[in-house]
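Next up: the structures, one after another.
You will see two complexes here that share chain A, one where it goes with chain B and one where it goes with chain C.
Moving on, here comes the complex of A and B:
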């Protein structure tokens, strides 16, 4: 799994590439977001091929931390398999979700 | 058809286990219906094996001998069963109580397995845990989740 971060119009866009499971989820939990505290966060999942409950838990942890700071986490570009995990567990309710990064960044920046 | 695979009880092998489950489910669907694959059916096995394998690794006790996990896939004309076996201490795998509304960071694994599979059973035999997960394949349906 590869995690990268960039700032787009005052929105932090975090891109994750690969699989998020019990082996890789701890890396995501430990990742120190350089600008996440001050700006809205978009997580681009377009290059995530598979996510299990460990990955789901890591994303929930990020969202809860951000909520405690008064913000939200927006998710973008889930494939069908990733979307299914969010739907079954109803965890999608915790996030704003968009089909593309541009729309996610635009709307996250308005909040 | 029965296919078996023995892997070290090591979280580094979890993706290998889940990919093996995905591929075997794909072969199963190809065998019974060459024209219609079923992404949801195959994903159910990929995800459930990832969860069961992780659960097994987390319950393993330190040992001088290498602990292993055995994946056993057994198919017939309309269903596929995967059994995940290990020699760890016994554990409970009943239907989980999960308060989804509180958005916990843990505890989704068993919940997902029970949601994805048609039948989930646990047996303890001769010091071995066996978690069996079965899903029916409905040939007239493109999506049976």
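Moving on, here comes the complex of A and C:
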């Protein structure tokens, strides 16, 4: 799993590439954001090719932590495999999900 | 041109209560799922892609529609939040909506169209904005019209019906059934007006069919039965001898018993609904009215065997420490028994359980907790098939938890250990439900062995029993 971070219009965009499973989820859980704690975060999932319950736990954990700090996490560009995991577990109820990173960046933090 | 079909849980919550086993978008209208009418209309309007958008679950719809290749159209799915307004929904689907015109169908609405009319030109020429609306939703268009084209809606047959009660649903079904030459494409074979029959239908000698009628697939109508007028018989239905079904809808997987007269009713499994008042009655006698259930799959049988075997191994390992430590823990007051009633499955059946709580302070109680001795009494219930060794966790039956059952996965069973314990997710709050739903779909007997071992391992580090 490769995690890259960039700042775009005061919004942190995290791009994740590869698999988020029991092996890689702890790395994502422990990821330290370079941006301010309350700055909104967009997670680009377009290059995630597998997500299991541990990966889901890591994403939910990040969102909970960020919200506790006054920030927000928005998800973007889910592929079909990832979306199906969100669908069956109903985790979509916890996130704002966009089909475009640019739109997510523009709207992140507006809520 | 693309279609964006937005349907929120609040739009269809009423139908969830009446017909809980079928997703509202798949509720059949004359044996054709509601979503298919929307797909047909979108195709007639010239759409090349359809996206279903909801704040509720869409997995059943996705399972049915898949990627839309069956209709030669690209079908996709997207999730939104309950509070999202139309503009926000479009922003969330910006990539999909960015090129060309978008037909937006919002709400739980039925669009009356005619398959012989040309909607392609109409929608290409219509200006941006709302085309039609009703109390339950609207049909609108986003994107500028093509140059030099002008059109008005009244040029072609098009109207909306808001689906907001079981009575509206019933009347709509009867209306669709009543067309001599249907403006919709309906399932089944028909070589005469007002009559359509599906495949694998057995109509026994002596049974009478009175038009208008529509009969689904895999149906048996036995001798002396009278079907119609105005009868919609779903798929996998048996109408037993000398019964009458008129002005009624018999939903899929329903058995109508002998000598029964069903008039002006909706029958679904063992429930009879009076459309006008919405009143429903559950029949307890399976000889009168009941659901036709699928036989358990081979995987379910293997799963039960694996769970039983694991329970047997755990009992043999725990029994001696249990017998040795229980008297000491009871004397110390750290072991307490209590009785509760839990739901065994999401169907709402209950089971009386005797469970134990263990206060983990001190060497002996910590050891007993680490060995999960407090779960031993429940393991015997696994052997009798009443509980699963691992699953979605037992929901204690009371008036507050009834609502939790509707959102739980259908395969959920009361269990000794939960997936949340195995994955070390918080047991309280909504998060445990996430992992339970995940394994309800991705679980298998082999996975259950691993998860049980993980749960046992995690319990060693646990501080107090929940």
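Here, the second predicted complex is superposed on the first by the 106 of 111 C-alpha atoms of A that agree within 3 Å, B and C clash if a C-alpha of one lies under 4 Å from a C-alpha of the other, contacts with A are read in each partner's own complex, and residues count from 1 in each chain.
Everything below uses one rule, namely that contacts are C-beta pairs under 8 Å (C-beta built on N, C-alpha and C of every residue); 3 or more make two chains touch, one makes a residue touch a chain.
Since we're looking at a predicted model, the values are computed, not measured.
K.L.:
Once the shared chain is lined up, is A:97 touching chain B (first), chain C (second), both, or neither of them?
P.N.:
So A:97 only meets chain C here.
K.L.:
Just to be sure I read the superposition right, which of the two partners does A:60 touch: chain B = first, chain C = second, or both, or neither?
P.N.:
Both: A:60 reaches chain B and chain C.
K.L.:
So, does A:72 touch the first partner chain B, the second partner chain C, both, or neither?
P.N.:
A:72 contacts neither chain B nor chain C.
K.L.:
Which partner chains sit in contact with A:50 here, chain B, chain C, both or neither? Use first/second/both/neither.
P.N.:
It touches chain B, and chain C stays clear.
K.L.:
Once the shared chain is lined up, is A:86 touching chain B (first), chain C (second), both, or neither of them?
P.N.:
second
K.L.:
Applying the document's definition of touch, where does A:19 land relative to chain B and chain C: first, second, both, or neither?
P.N.:
first
K.L.:
Figure out whether A:107 sits in contact with chain B (first) or chain C (second), or with both, or with neither.
P.N.:
The second partner, chain C, only.
K.L.:
Which parts of chain A are touched by chain B and by chain C alike?
P.N.:
In the superposed arrangement, which is not itself an observed complex, chain A uses residues 52-54, 56-57, 60, 84-85, 88-91 for both chain B and chain C.
K.L.:
Where on chain A does chain C make contact in their complex?
P.N.:
Of all residues in chain A, those touching chain C are 52-54, 56-57, 60, 83-93, 96-100, 102-103, 106-107.
K.L.:
Touching residues of chain C toward chain A in the complex: what are they?
P.N.:
For this pair, the touching residues of chain C are 55, 57-59, 62, 77-81, 88, 91-96, 98, 407, 419, 423, 425, 431, 433-435, 437-442.
K.L.:
Along chain A, where are the residues that touch chain B in the complex?
P.N.:
Touching chain B from chain A are residues 19, 21-23, 50, 52-54, 56-58, 60-61, 63-64, 80-81, 84-85, 88-91, 94.
K.L.:
Within their complex, state which residues of chain B touch chain A.
P.N.:
Its residues touching chain A are 11-12, 14-15, 18, 39-40, 43, 46-47, 50-51, 54, 57-58, 100, 103-109, 111-112, 115-116, 145.
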